[in-house]
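Please read through the structure below; I'll follow up with questions.
Chain lettering (A, B, C and D) follows the sequence in which the chains are written, and residue indices restart at 1 in each chain.
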């Protein structure tokens, strides 16, 4: 795929995500099956509730991540700037979209370079893991980390998207070895991330075994990349292929639960279909360290910097409300508490 | 919050409850999961069925409570008067809304003072438990009990509502101790009550341990205060916060069952989403002593005194029909009978 | 209730049943939970399939009953005549509606007297059991059996209907003793029948203990008499009372299964919400001897005698198709076969 | 039934299938209860994925069958030609519709004779098993195999369809013996197939015992022949009969699972309601060797040969996508893998 094509595709993605309904159709993130036990007398002052948390040795203002999305075009630069300024204000981490286009066209590298707006937060570089089979290696990884002055590199793994996308890069052979090389040589930690179909516990274990530091499950239930690529398709057959797989994957809640079960310590990011602070709080109670949202941040950033700030504020208010109404003073206590219950179907 | 603001808020609540749909959206009171076993040959004369029952040492005409709602404005005074006259007619207990405004503006105390219309029934005074952290103490509790010549004081506990409400009172620190003081010094019993998010068995035990006499679960499934406050919000973010929590809480049926399981004797009020006598009868069969309704009484009282009487009559007819068609002659027999079954999902 | 009033009520019932939707709203007859195992190679000639069966020592052309419905008015006489002629043609049994009006106004007895149209089939007389507390006794039972030259007397028991109906007869005290007297003295067998709310296994045992010969469960899931009486109500409160109880009762499938479990021999009629031959076949496979339909026969009879015949023919074709596609040659084999399975919910 | 009538009926079937909604209404093929476990890092090159498989000792390009449908008319000849040309191109097997009409009217035999368009693929002749009771025997079976130069004979068994169809052939007596004779004498293998109501494990065992080589379950969940015949009915009663049985039968997924459980080796065809390659892949993971579709191929063939090719291509792309995203390189590996999971209902 040429670099111009990459740029056009990235612009298409944003337009489709903003204009079409590309969410999973039947499968949810799985969090609706859980309910917090209400605590009517929390014995707390809500003003004392503390959302700060640690992730990859950095202090965050709240356990919220702006998921990897964009870069490479004018519009993307604007979106990234707005997101970064807001992220800096609330001290939350942020990822950028795949930087492959910046490798192909160095003159657009700047559309990713948000460190100047966000000096203090964790920033995550981004590349498709499959690109390690298509002319990318350690050198390219170093370069994109540099562009961003990134704190970590996210390698996203997206076999379904590459299958649906015309001319997708679908040679996934031998990737574990190549990921292992990158992990061992790169000066920053590597995060493995899906893009909306989820990572199983078995795959998480394999990824950790080759040196990955953290996992972002990016599970099923939110933005469906099969649906996005279906919208981009040029003919009936392409549209149908995407639709057949609109609901493919592992729901976010299941990924979190099963990965945390096999590994009590791995830094774990919940994402995929999270839409409010109640989802975030549930993810954390299920075992995630922080929780990422993509689509909601895209919509806010398409509007204004203020809209992004407002979104973060309401997420914070929602998480705080959960902590208050379950009687937990901070994120650590929420995790240890038994506040979240699987809904019992009595009938 | 100023006293004028309190009054405006109370007027808003009534208007919104009467005009908007502010019920829980996805969660029900949980009673639909239970079904009475029909008894086709009851061997009873329906005319002999007896709905009288005891609650807090008083005799009631039927196990129905008019839940705490209002006071402080002209309209509220009218509503309270209509409710009180009807309650007196059928010998059922009644609560008034939070009397905090009467403490702030003594000249409106009269809007609560319904004892003159209802000399013989149990009347329940009302205050938010959290106010014990905001300048209310034993003295204020005594005063509001006095205004009403109340038989008991309801302390309502509403952490979610206070979170959603702008400038809500959200310091719930140290409340158990203060409740204990009030319970030990007040000459009338104290009832602890939620406002629609439910009281768990664990919280009920703690409340009883500090001297509370009775529990009104006010569970999830009926009027959703998160929705009410969402309607009152001045901006998008406020509206969203309320909606995120529209379905928060413990369903009424679950609260009743679990509290009765841990304490066979506590005087227990079912409320939250009860809409007819069949709900009331189910609540009692699950373990409640009496059952309260708020929204249905508000709607009736907004119309006329006669409408309130008609509502009580149909509730009585419905409860009587349940007793008849299950072959139980009185409330005590209903409780002991095994008439209520969890619906078996055969498939 | 005066006799004129009884006549008006009966006319109302027919009009409402024909014009309004008075079926159960949420509860079904429970048969949809069962599925026949398809037998793709039945090794039968469909022409050899035999639907004849015995009931109360009489031979029937098919295990279908025209349930008790009407009498007492011109229109009722027409309906009864059409039903009787068709029943005679296919040799299936038929019940008439409550004959109380014929006791009150002997001049309308003729509207029930269908023996002249149906010399060879079992005919069932009908009276509300509760009337034994309201001036009816053995003498009256004898008289209505005589009017019809009946093969059995159905005593219907309808506590819910009497509760919803204005001025209903709701003294059900001491009825078991009175039923016992009737059973012991009457020259024909007595069948106990509900009217759409079902008979539990426990009640069936009590009824058999006092001498009842057969049980017609008339369970929940079809015509809802609470709904019918709700439509007849003169005011809001009456309408509401009926609606609250629209879905009260024990589903037909559950009644059949539980009664057959406690008594392997009692002649058992399935009815309540059966709408086609597949329902009838399922009822029989669950343990019923024959199966009754009311509403579908009312609709057909309101049209023409031919419509009733066509309905019976399609019911026969449907039952025959079930037998063929499950590889059973007759009703007895269907009963012994394990063709009916509870649907397994795999998920 | 006369031969002209047979032709008219066949033309009716095609018209109804193309124009009316004749799918099962409430019962599905059962595959939605299963979900593949997503494998985010397949370690495969998608280009190396291999869909070839063996069936009845022949090599296929993909595990897809064009199910038996038509023949006997002009339109049918066109459809069969288009299907055959496409099948040849992708090396997938194809069945033709019942050849009974070709026995009755030899001049239409040509409408079935597609071997000239498809020299290399397995072709399956077709006859209703029940015809062995209506003047068909070994000789006729040989003749229709000859017409097609068929690799196997499909005997379809359709008791429900024959019941609903006016003047259907419903003497299924003694068929096992006659099937045994055909199986033992015919030079090609015999496949037993339903037409949309499924074959149970018990029936499969009996069919194998009399010499049948392979089973095509043709289960419930797709085209409902009761619905098709209901559309063809000339009167209300006929229409109703078909509708009563619209959802009769055993879901495809259940047939596959239960038959494979009792026989690990029988060549097994999944069909009935399969609509895309994801359904096909699930069927194979559940135990089928290949999977057939009828209705989707009818719709494509009614358009053009290209439409049929496009359909096959998208099916191939879908199956390939499943293999890729579950990390399986070929059909054999998919079968052995544990990639398919019953969806756990957590709530």
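Heads up, the rule we're going with is that contacts are C-beta pairs under 8 Å (C-beta built on N, C-alpha and C of every residue); 3 or more make two chains touch, one makes a residue touch a chain.
The structure presented is a predicted model; accordingly, all values stated were derived computationally and were not measured.
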Chain whose average C-alpha position is farthest from chain A's own: C
Proportion of interface numbers common to chain A and chain D (over half same, under half different): different
Size of the rotation, in steps of 5 degrees, that lays the CA trace of chain C over chain D: 90
Inter-centroid spacing, chain C versus chain B (mean Cα positions, whole Å): 44
Intercentroid distance (Cα basis), chain D paired with chain B, Å: 62
Set of chain A residues in contact with two or more other chains: none
Residue ranges of chain C touching chain B (in the complex, touch as defined): 30, 33, 129, 157-160, 162-164, 170-176, 194, 197-200, 203, 206-207, 220, 236-237, 240-241, 244-245, 248-250, 342-345
Of all residues in chain A, those that touch chain B in their complex: 36-48, 276-278, 310, 313-314, 317-318, 320-321, 324-325, 346-347
